[in-house]
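To keep things clear, I will list the structure first and then write my remarks on it.
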Amino acid sequence: MKVSVRNKIPGTIKEIKKGEVVAEIIVKSGDIEVISVITKDAAEELGLKVGDKVTALIKSTSVMIQK
Amino acid sequence: MKVSVRNKIPGTIKEIKKGEVVAEIIVKSGDIEVISVITKDAAEELGLKVGDKVTALIKSTSVMIQK
Amino acid sequence: MKVSVRNKIPGTIKEIKKGEVVAEIIVKSGDIEVISVITKDAAEELGLKVGDKVTALIKSTSVMIQK
Amino acid sequence: MKVSVRNKIPGTIKEIKKGEVVAEIIVKSGDIEVISVITKDAAEELGLKVGDKVTALIKSTSVMIQK
Amino acid sequence: MKVSVRNKIPGTIKEIKKGEVVAEIIVKSGDIEVISVITKDAAEELGLKVGDKVTALIKSTSVMIQK
Amino acid sequence: MKVSVRNKIPGTIKEIKKGEVVAEIIVKSGDIEVISVITKDAAEELGLKVGDKVTALIKSTSVMIQK
């Protein structure tokens, strides 16, 4: 299955912080860190844990540019 | 000035494609490409052009995780 | 591969409208239609065409409630 | 009043989970479930409760396609 | 009908720019301008035209803070 | 540094509510209030507190229109 999302940043989960509804996932990818907020249930359904190899996905319309 | 957006990916503009309303900006950042869709007017106000050093900004709530 | 996006609506592509930068994809799913705007390049990379079986994916933080 | 959002999925609230800042609303709509994350205050201002008839609203630019 | 979106900015349409797929709507609201990108079809379904009294709606999770 | 985000609403922080993962920031701007949900860490990195002069930033593709 392929997804229309074209921003795909591979990395390793460095940290997970769970609240009651949402969870913050910090992914280490080379020199950068990508921070994601997803629902806690989504994090648990994927069985996410520190050290997992994952890919951060970002829709192009969500990306802003700073110059 | 600092922005609450914590995902900041530095890179160089590789390609710009302008439509009537929106524009697609492709940013080369190390091994990855980050693709952004912003308004054409925003691209012109920033004077974006190929070769520019820029930073792609992404709000954490826009980032999904694939495992 | 699993994605953290929990809103998955299966359907069939009813219509595709391509602009220079973005494309509108209308997906028929039972009684409802789901309308997506993705980049034209994404639509072409996936080889989307009318009649295709697809799944519309929506991050929970993008969903609003009306009562 | 009409809203520019064209994705409207009618259903019934199946579950509400409230955190301190945000709340997760699960809406049953035919065979599918639509999961929304809104602010807790928004959920309380609308007086949302299990069994309510509601409509999930999703902007087209938030919808991705998987094939 | 009430919507869970809590950011509501009333104003008057100052300008509309239509592309093939999306449209840019500029709303004058007191001293500020609010710029929206919606689908062209949505703009046409609402019959939007310059001078219309409208309300710009923004989900809280889409709002960033600069200090 | 300039950002491609064109919706910039200046105001003063009226209220901050922190959860474990995200925080709600209410900004008073003239007659309106703008409500933002960002990560708690972002709020703390910016050192946000009630009374701060800030600017709410909103990407055009996140803005909907009601008529």
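Should a chain be cited, it is by its letter among A, B, C, D, E and F, assigned in written order, with residues numbered from 1 in that chain.
Going forward, a contact is a pair of C-beta atoms (placed from the backbone, for glycine too) under 8 Å apart; a residue touches a chain by one contact, two chains touch by 3 or more.
All figures in this text were calculated on a predicted structure; none of them were measured in a lab.
Comparing mean CA positions across the assembly, the chain most remote from subunit E is A.
One simple way to say how far apart two chains are is to compare their mean CA positions; for subunit A and subunit C this gives 21 Å. Separation between the centroids of subunit B and subunit E, computed from CA atoms only, is 22 Å. Subunit B and subunit D have Cα centroids separated by 29 Å. Subunit C and subunit D have centres, each the mean of its CA atoms, that are 18 Å apart.
Each of residues 1-6, 19-20, 22, 24, 35-39, 41-43, 46, 55, 57, 59-62, 64-67 in subunit F touches at least two other chains.
Working note: touching chain pairs come out as A-B, A-C, A-D, A-F, B-C, B-E, B-F, C-D, C-E, D-E, D-F, E-F. Subunit A makes touch with subunit C in their complex at residues 1-6, 36-39, 41-43, 45-46, 55, 57, 59-61.
Those residues of subunit D that touch subunit A in the complex are listed here as 17-20, 22-24, 35, 37, 61-62, 64-67. Within the complex formed with subunit A, the subunit F residues making contact are 1-5, 19-22, 39, 41, 59, 61.
Of all the residues in subunit A, the ones that touch subunit B in their complex are 3, 5-9, 24-25, 27, 29-32, 34-38, 42-43, 46-48, 52-67.
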